[in-house]
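All chains are identified by letter, namely A, B, C, D, E, F and G, in their written order; residue positions are counted from 1 within each chain.
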Amino acid sequence: MSIVEERKIPRWKLDEVSELEEKLKNSSTIMIADIQGFPTDKLHEIRKKLRGIAEIKVTKNTLFTIAAKRAGIDLSKIEGYITGSNAFIFSNDNPFVISIFLSKFKLKRFPVPGDKADEEVVIPAGDTGMTAGPILSTFGKLKVQTKVQDGKVHVVKDTLIAKPGDPIPAEAAPILQKLGIMPVYVKLRLKAAYHQGLLIPVSELEINLDTYRSMINEAFRNSLFLGVEIAYPVPEVLKLTLSKAHMRALALAGEAGFLTPDTASAVLSRAVSKAYAVLSAISGKVDLGVEVPKQPEQ
Amino acid sequence: MEYIYASLLLHAGKKEITEEAVKNILTAAGIDVDEVRVKAVVAALKEVNIDEVLKNATAMPVAAAPAAA
Amino acid sequence: MEYIYASLLLHAGKKEITEEAVKNILTAAGIDVDEVRVKAVVAALKEVNIDEVLKNATAMPVAAAPAAA
Amino acid sequence: MEYIYASLLLHAGKKEITEEAVKNILTAAGIDVDEVRVKAVVAALKEVNIDEVLKNATAMPVAAAPAAA
Amino acid sequence: MEYIYASLLLHAGKKEITEEAVKNILTAAGIDVDEVRVKAVVAALKEVNIDEVLKNATAMPVAAAPAAA
Amino acid sequence: MEYIYASLLLHAGKKEITEEAVKNILTAAGIDVDEVRVKAVVAALKEVNIDEVLKNATAMPVAAAPAAA
Amino acid sequence: MEYIYASLLLHAGKKEITEEAVKNILTAAGIDVDEVRVKAVVAALKEVNIDEVLKNATAMPVAAAPAAA
């Protein structure tokens, strides 16, 4: 960039580059989000929510690139993402923390034609506040039962007009607007994070907490089973080991038919359950006048 | 259930389950034999894989089922 | 399990469970009798309220056996 | 249950379940030995595939966590 | 599981579960004793109400045991 | 699962689950650390109530005693 | 459970479970090490086929319990 050209650059651009450079230098995490078609008011909402955790800035790719270069960012890692309309997030937090944070709050909007519902769209029963008129036929098309009371449209009962994933009927839009129903989610589309020289693409950035819950569950279950198996000497685990040993003993007594007063219940029950199993296997053909016990509902 | 117990007894002893055998057992136990039922049970069991049925006789009913919460 | 089935058979037929009776049944079934095991089972059952045990047993889920093909 | 526990102990230690061995264990535990029961348990267990029974015996007394939805 | 079976054996015989007692049983069964494990298990069992545990254990459904063939 | 076990270890020891701590554990175990995964795990677990998950994993079957044994 | 977590961490990382390794991990986690327990756990694990146990942990039908509230 020549000095001559730089002189032509408006002051605000120079200021913005300096500001960006400063942010880049002071942030361990930089995230790039696609804001093509993203509603500006929603971006404000996000900015408010992120306050104290991260800063979000919309700027031109060229300015960001210059600033990044000046801040010593390895551009080769991120330049592939700096296309289209972007917002840049600056933070000193773990990029996954930001990603989870962003995924946690649902931003909603009114539908536009062609939108699919992200949640159930229900027209609630009651006064819609809408004046009876041509709108009645729209309700009719949506198969929403209405009646007119004091000149206003009343919906007779809660009516589902779209399930999650269903396209939202275009004619419903004005009604939803009027009723304040926003069944479409707006999500900031993260593209990548740059964190301490590492590039984390969105595929890794998106965290499914349920997966982690089930991993913990599995790890714990594994540990518990192993603990029980080796009689890990802490009371909570030994209780389970004792139970297991005892159940094994009862099962063995039952299967072997080794009957003593303390195994009698197990042995007789086992024999009876076998008898009932046989009985039920032939119950369609033979009536022995004995009821096969029904399995209780779980 | 007498007919079933007699049949299982034969099965456990690896004996064939015949009308004759079931009747013998019931008689030895001092239990009156209902010819029709003996016939029906023996005939029905012929079509059943008893080992399989016993294997699937789940849940050793040692205890009460979990009380519905 | 033979000893158990024989005992349950007697119980179902409302007969007393004695060593004699169990032996008779096993013999009628063509099963070799092990005196010691007969003794053990009959002695143990004297201390058990069979009706009570069976009541609880039948309160339990019993797997519906798969119908044999 | 003592006789069963003793047998399972032998099984776990990969020792043969004999009347002698069961008696030794009970004696070492300071428990009076009932010859009839020792004989009965050893005879009964001979007819059972213990590994198979144990494998199927224990639903872990741990409840499945309701899959976090 | 050997240590547990030995402990349950003592419990069933209404004997105190001590390191000494567990070791005696294992030795009688011909099983090598790991001092450290005996210590750890016996210490932990002191904090367990075994009667309570066994009572609850039988309140649990048990999986099917396969038929003795 | 290494990262999860390491985290559970910290949790069990009532230590905070930090990137530093997880890395230290994995390194001590001789396991190569993937920086990105450590970060992901630590961030995710901040949002998970581990105690809750563990409690559900072990929810014991009802302790209601059997009606009569 | 710390000792189990540490052991499974090693197992997951395909490292040998030794007293040394378990101690290193616990120390790295900032957890005080109980020598006896380390010894006991490592010795016990030697007798167990961990993969087999884990397979059962995931495969085993567990008793359905009404979720603790």
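In this section, contacts are C-beta pairs under 8 Å (C-beta built on N, C-alpha and C of every residue); 3 or more make two chains touch, one makes a residue touch a chain.
Please read all numbers here as calculations on a predicted model, not as lab measurements.
Think of each touching pair as a link: the shortest run of links from chain A to chain G has 1 of them.
Centroid distances built from C-alpha atoms place A farthest away from chain B. With centres defined as mean CA coordinates, chain E is found 46 Å away from chain A.
Centre-to-centre, using mean CA coordinates, chain B is 51 Å away from chain F. Averaged C-alpha coordinates give centres for chain B and chain G that are 46 Å from one another. Measuring from the averaged C-alpha position of chain E to that of chain F gives a distance of 30 Å. For chain D, the set of residues touching two or more other chains reads 1, 5, 8, 37, 40, 44, 47-48, 53, 56-63, 65-66, 68. Of all residues in chain A, those that touch two or more other chains are 213, 217-225, 229, 231, 233-234, 243-247, 249-251, 254-257, 260, 262-263, 265, 269-278, 281, 296. Residue ranges on chain E touching chain D, taken from their complex, read 1-2, 5-6, 8-10, 12-13, 15, 21, 24-31, 57, 60-66, 68-69. Listed in rising order, the residues of chain G touching chain A in the complex are 1, 3-5, 7-8, 37, 40-41, 44-45, 47-48, 50, 53-54, 56-58, 60, 64.
Across the complex, chain F is touched by residues 94-97, 99-100, 104, 195-196, 198, 200, 204, 207, 209, 212-213, 215-224, 265 of chain A.
Residues of chain G that touch chain E in their complex: 36-37, 39-40, 43-44, 61, 63.
Chain A meets chain C in the complex at residues 256-257, 259-261, 263-265, 267-269, 271-278, 280-281, 284, 292-293, 295-296.
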